[in-house]
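One chain, chain A, links the two complexes that follow: it is found with chain B in the first and with chain C in the second.
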Partner chain A sequence: MSELNELTLAEARDGLRARTFSARELTQAHIAAVEKARALNAFILETPERALAQAEVSDAKIAAGEGRPLEGLPLGIKDLFCTHGVTTTAASKILGGFEPHYESAVTANLWRDGAVMLGKLNLDEFAMGSSNETSAFGDVVSPWRRQVDGVVSEARIVPGGSSGGSAAAVAARLCLGATATDTGGSIRQPAAFTGTVGIKPTYGRCSRWGTVAFASSLDQAGPIARTVRDCAILLGSMAGPDARDTTCADLPVPDFEAAISRGVKGLTIGIPKEYRVEGMPAEIQRLWDQGADWLRAAGATIREISLPNTRHALPAYYIVAPAEASSNLARYDGVRYGLRVPAGDIVGLYEKTRAAGFGREVRRRIMIGTYVLSAGYYDAYYVRAQKIRTLIKRDFEAAYADGVDAILTPATPSSAFGIGEMASADPVEMYLNDVFTVTVNMAGLPGIAVPAGLDGQGLPLGLQLIGRPFDEETLFAAAQTIEDAAGRMTLPKPWWA
Partner chain B sequence: MSVDAQTVRRIAHLARIAVSEEEVGPLQGELNAILAFVEQLGAVDVEGVEPMTSVTPMAMKKREDAVTDGGRAREIVANAPETEDHYFLVPKVIE
Partner chain C sequence: MNAPVNPKKLIKGGLHDWEVVIGMEIHAQVTSRSKLFSGASTAFGAEPNDNVSLVDAAMPGMLPVINAECVAQAVRTGLGLKAQINLRSVFDRKNYFYPDLPQGYQISQYKDPIVGAGEVLVDLPDGEAITVGIERLHLEQDAGKSLHDQAPNLSFVDLNRSGVALMEIVSRPDLRSSEEAKAYVTKLRTILRYLGTCDGDMEKGSLRADVNVSVRRPGDPLGTRCEIKNVNSIRFIGQAIETEARRQIAIIEDGGSISQETRLFDPGKGETRSMRSKEEAHDYRYFPDPDLLPLEFDQAYVDGLAAGLPELPDAKKARFVADFGLSAYDAGVLVAERSSADYYEAVARGRDGKAAANWVINELFGRLNKEGLNIEASPVSAGQLGSIIDLIGAGTISGKIAKDLFEIVWSEGGDPHAVVEARGMKQVTDTGAIETAVDQIIAQNPDKVAQAKEKPTLLGWFVGQTMKATGGKANPAAVNALLKAKLGIE
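Moving on, here comes the complex of A and B:
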């Protein structure tokens, strides 16, 4: 039954409904795949007993004809979502053995709809990173390998970040889909690096309640899965109003799955000239042109547009996000939960605990955030960055007011790199990974990454579609058009098993 | 703007993160690389632009002023490193 984990989420759902196999069989196939894939380090915690218990409930529900939307479908959960009674780490030492007494809104929605939890997925510490190399639980290894002169290299490749465990687990068929979060590109960049589909919905579409906070005005949850349809199904369950998050929109959740078959006929797709950045590999430009051709062939009108403030987005992000992080992460003080390093006085306890508990990248970002918020610098840095954010958002509003329905860009400026290859670079070079995705967070818009081809090394490349606020449906329709034209990505054979 | 070693120590203290003397130099370099990167924003004309306060136009949700939760002292202290009688324990702060 091991091939059951090769199904898409939609195929697995239909198979369960037709009783071709049981939720228990489906779950066992995934548990076996997870156990054999420990070399990828995608999971921080495996929860097979819980998965089998949930599968048993699902089989009973299906037998009684009471199957729910995600009944019996095994998923991985990024370890940034608090799960009741199951250790939640944010991939940091500072949370120690934190065991939440509550369930995040997003995961509660998934269990309400009958999903099965296989375990908690690795990530960059507090979701800060673009390669999953900042986790206190070790690097995640991509299932993808480079081909050098036609020979497969054994060099380990990063899955991207921060949702690196989610992307690697989905690409390696360890789960049918996974939850992820995106503050500057943390769903879309790892999806692009691993040949999977990932959507960051509009800010406010999913509740942030119970998800460990990084930068509250930018953070959004979303799914990573192997097809556009699977992402649409998962987002339909994850999203929805929640009174406990005051920024969560009181809007009904559309039928995202129905939207994928709408097509793009009559839509206007914008191509922003500012995304043609210096030094972009020719194969990414070629793929971008190819994506535009696919959409045109399916009936869309392609139009060049201008988003003049694009180049300010990344520097402004590296003020806003660390500032909010320094505030959010002030709560980790060794008093209420997590790690505690004893000291003679309270300030010493805070300082020693936080020095021992936070990794290098997190410490660096907290310090930048502290600096830009400190007296005398607040206006020059933080207020200025928030003004620039207004300008970035206006660029998009002008394009949409001018009749553009969605915007097509590359998802990343390169394909995945090797583990350790960026170690000697200064932090800014790693930050450049998010140059195409971060504008979307700054403007609160929805963005989807969809695989579109391979580069010369045999590594996947993705395209990004950016939509109007709360119009994820158009993104699903356009992404499906690209998936149909490009053909489903052929994922790597399990060398790790 | 760039930070000197003394400023690095001051920021670390404000952030309540202990920094050893060996760490100050490398941190100074890393922070200055990031600050140099964001420096370009100084050239952007933001005259008359409102700073963003909400990324989507929405009124803050309000609810009735009523008790909706509580009585969870045991759960709240359950993950604390040191507690006594549902209180968090810290080193003495007042003589």
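Moving on, here comes the complex of A and C:
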């Protein structure tokens, strides 16, 4: 692996500007890394020719002194973002060889700013999963391995999900950063599992236009990168108003990169007591305490707070998200695009196409969603879940009204597990991975996961900071403080290459 | 609901008299250039799938954006129905699978519609007027169209209509006969056309009705209803109700009971038949569409739209009665179409309103109907008809000549004053000329003169002869006076 792969996105940007290397060299280094890393299965589709073509444009722009904010920076794109003329799968068989005639708002913003696309990244099918084991294109393997008593285990570890491809590719230095999406933790959990930084911005910060929908009221795009600064740079390009998405906020995009150096002096950081869940490993608790100490040492006030409805969040989430998904995925019916399994009549075509096209977890969620919306159950499930959602939102509002600037929690209840280890477990056990992250989606708030240390097996652990609506800047400032205190994570040596 | 039962409206069964109870759901296509949630055109008659955006085809990641003009049209319609306008309404998804429904759900308004309760005043042919309650009006997307006749083993789908805005206008079960139902739809269509919110063209499918029909013995609680889907002409609405009511009566009188179901009307066979039973009804799994925020606007927005509304048929009718002295019936005929009312007003302005109404209703409408023309295509303009009426009023021509003049203007055009001049159609009021003619007739018919002294009604024969002799141009009053004097009739 070239030294160019070890650069952060910000360092690469500065190197390009200083003409230390060319966009072509930078892109080629990353294309080579991608090719060598196929054992990780992070990419569903590699687009090296497109990457090189974009890099040439970037070199010309840089030469002309017209470099744009992300000029020549190679990125990976989660394959949930529709890309014009480039197959988009959502990691599902149901989309067949679907080639969009349009570009998602978020990726269009990246290309507008000069970024280079290396390819489409693997994910859990339709972003439904917490381990990247539900992809129709195979499991993604984390670049991390367990290390017990100095012995590195060969066991393959999950990168988390659903943005497992994004997190693995970034941690393995295959790309400088990646787009991701987060419906219940799909950016933050894989970031925490892979020692990377991931931010789910406030609902409405990024346009959802052109991103394959999972649960419309929860879905939000965001970046995964290796540093807080890199995330800030990427989010600055991805975000912005879009009249084509009426849930997208008509707000200017702040200078996120500038915000990282603000520090936390004078800020009040809340520690929600309800997140001290039963059976939480001691090392997670220690890490959490450590995070609070770091922030305190940097001048923040740490205060215990209460978010009393937290325990209802996960069950409510697993009603709302499948309900929306069951409706959002109805369009994959074999009639207009994607997979079609012929049958004698239309109902047969629907049944055969959808049975063949959707994987087990997606089918499970469609069925749950259909059930909770059906006559006689709607009030008992969906309506109550929405009420809980309101209560969760109020909990946060009360905390913020009481002077809390951001909330610190663990990102996940454990470190990454091995591929297949959860195969025989109850699906609910897998869902428990999202216990610290779903509240943030339910309340529409911004949340960032930042690496904070390793567990006893040498696997990364992350902390989560939750902010006020549209106050990602405070999250970047606080996350930078933690990154500074914890020290940059030493990423695994490329055993896969 | 508790209005006294009008015995004339009851249907005679084999055993009893029955009251039919009808409620309607009208689907009215909103007049707008683009669809409810996409920028695609709504133009009628395009090639299949020409007017389809990425949103209409439900491509992955596409999102709906509400069309402000459709919202304004719905509010205008609500105001025209004297209805409650809801400043906050919610779009819901109605989920079901069908090839012409690309999203797998229709975006509609379920619990919180944009328009609440209102009413429509309906005039019946016998002069009676009834008030029909409106329960609600909501906005929703139309579906596409499945084409089953294009290939032997395949069905094709045309998505041009997919996503076109519809207003579903739901009435209360206030209608008691097929006549009332037809009059209600006719009146509703008139209001929509006045407002310009729906063209009401049933042939193009711009207005379709779902008709809920039940029967009961007068005074009994409501019977079980059946819904007849998608009836697409006013005549068929009447036929479907009659057919369905008689079907239900026959079943009940045979000792059976009605099962709630959805039925289709087959005008060819003159029958309704079952489409699906209550048990087979879809579970639509309605829930608020998370892609759309609740639709909110303020009272000032509503007031602004209210200020821009045209005069509506009821107000216009009242004004025609008050200002032009018309009968309620004539005024009702004239305001049925906004263009007719406008035409009439142009004719009546500064003239005798009743005379203008007679000419417009009897001569003009009669002739237009005969030729199958609508008022916009009338060869006689309001200005020309006004001139004809002016010529009568001034005594320049008689009413009879005026009809000839109307015919000439109808087929040849021209300024009526000039036509009268050029063709010598002026009424003769010169008594000298009339007297000459009268004297000649009296001289030629001594026997009739003698008879007339015995039988004064023979005066009419003399009048006729005089008019004939003067080519119809003699002033009838002058002819009468002269003849009476010369014949010695009092």
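The rule is simple: the second predicted complex is superposed on the first by the 496 of 497 C-alpha atoms of A that agree within 3 Å, B and C clash if a C-alpha of one lies under 4 Å from a C-alpha of the other, contacts with A are read in each partner's own complex, and residues count from 1 in each chain.
Note that in this section a residue touches a chain if its C-beta (ideal position, glycine included) is under 8 Å from a C-beta of that chain, and two chains touch if they have at least 3 such contacts.
Just so it is clear, the model here is predicted, and its values are computed rather than measured.
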{"item": "First, second, both or neither for A:212, with chain B first and chain C second", "value": "second"}
{"item": "Which of chain B and chain C A:323 touches, first, second, both or neither", "value": "second"}
{"item": "Touched partner set for A:276, first chain B, second chain C, both or neither", "value": "neither"}
{"item": "Touched partner set for A:346, first chain B, second chain C, both or neither", "value": "both"}
{"item": "Touched partner set for A:368, first chain B, second chain C, both or neither", "value": "first"}
{"item": "Greater residue coverage of chain A in the superposed arrangement, chain B or chain C", "value": "B"}
{"item": "Which of chain B and chain C A:391 touches, first, second, both or neither", "value": "first"}
{"item": "Chain B versus chain C as contact partner of A:444, first or second or both or neither", "value": "first"}
{"item": "Partner chain in contact with A:17 - chain B first, chain C second, else both or neither", "value": "neither"}
{"item": "Chain B and chain C footprints on chain A, overlapping residues", "value": "98, 101, 217, 243, 246-247, 326, 330, 333, 335-337, 346-347, 350, 370, 374"}
{"item": "Interface residues, chain C side, partner chain A - complex", "value": "54, 57-66, 93, 95, 97, 99, 102-105, 155, 157, 283, 285-287, 289-293"}
{"item": "In the complex, chain A residues that touch chain C", "value": "81-82, 88, 90, 95, 98, 100-102, 104, 208-213, 215-217, 243-247, 323-324, 326-327, 329-331, 333, 335-337, 346-347, 350, 370, 373-375, 378, 382"}
{"item": "Interface residues, chain A side, partner chain B - complex", "value": "96-99, 101, 202-204, 217-218, 243, 246-247, 249-250, 309, 312, 315-316, 318-319, 326, 330, 333-340, 343-352, 354-355, 358, 363-364, 366-371, 374, 377, 380-381, 383-391, 393, 426-428, 431, 442-444, 469"}
{"item": "Residues on chain B engaged by chain A in the complex (per definition of touch)", "value": "1, 3, 7-8, 11-19, 27, 29-31, 33-35, 37-42, 44, 46, 49-56, 58, 60-61, 63, 72, 75-82, 88, 90-93"}
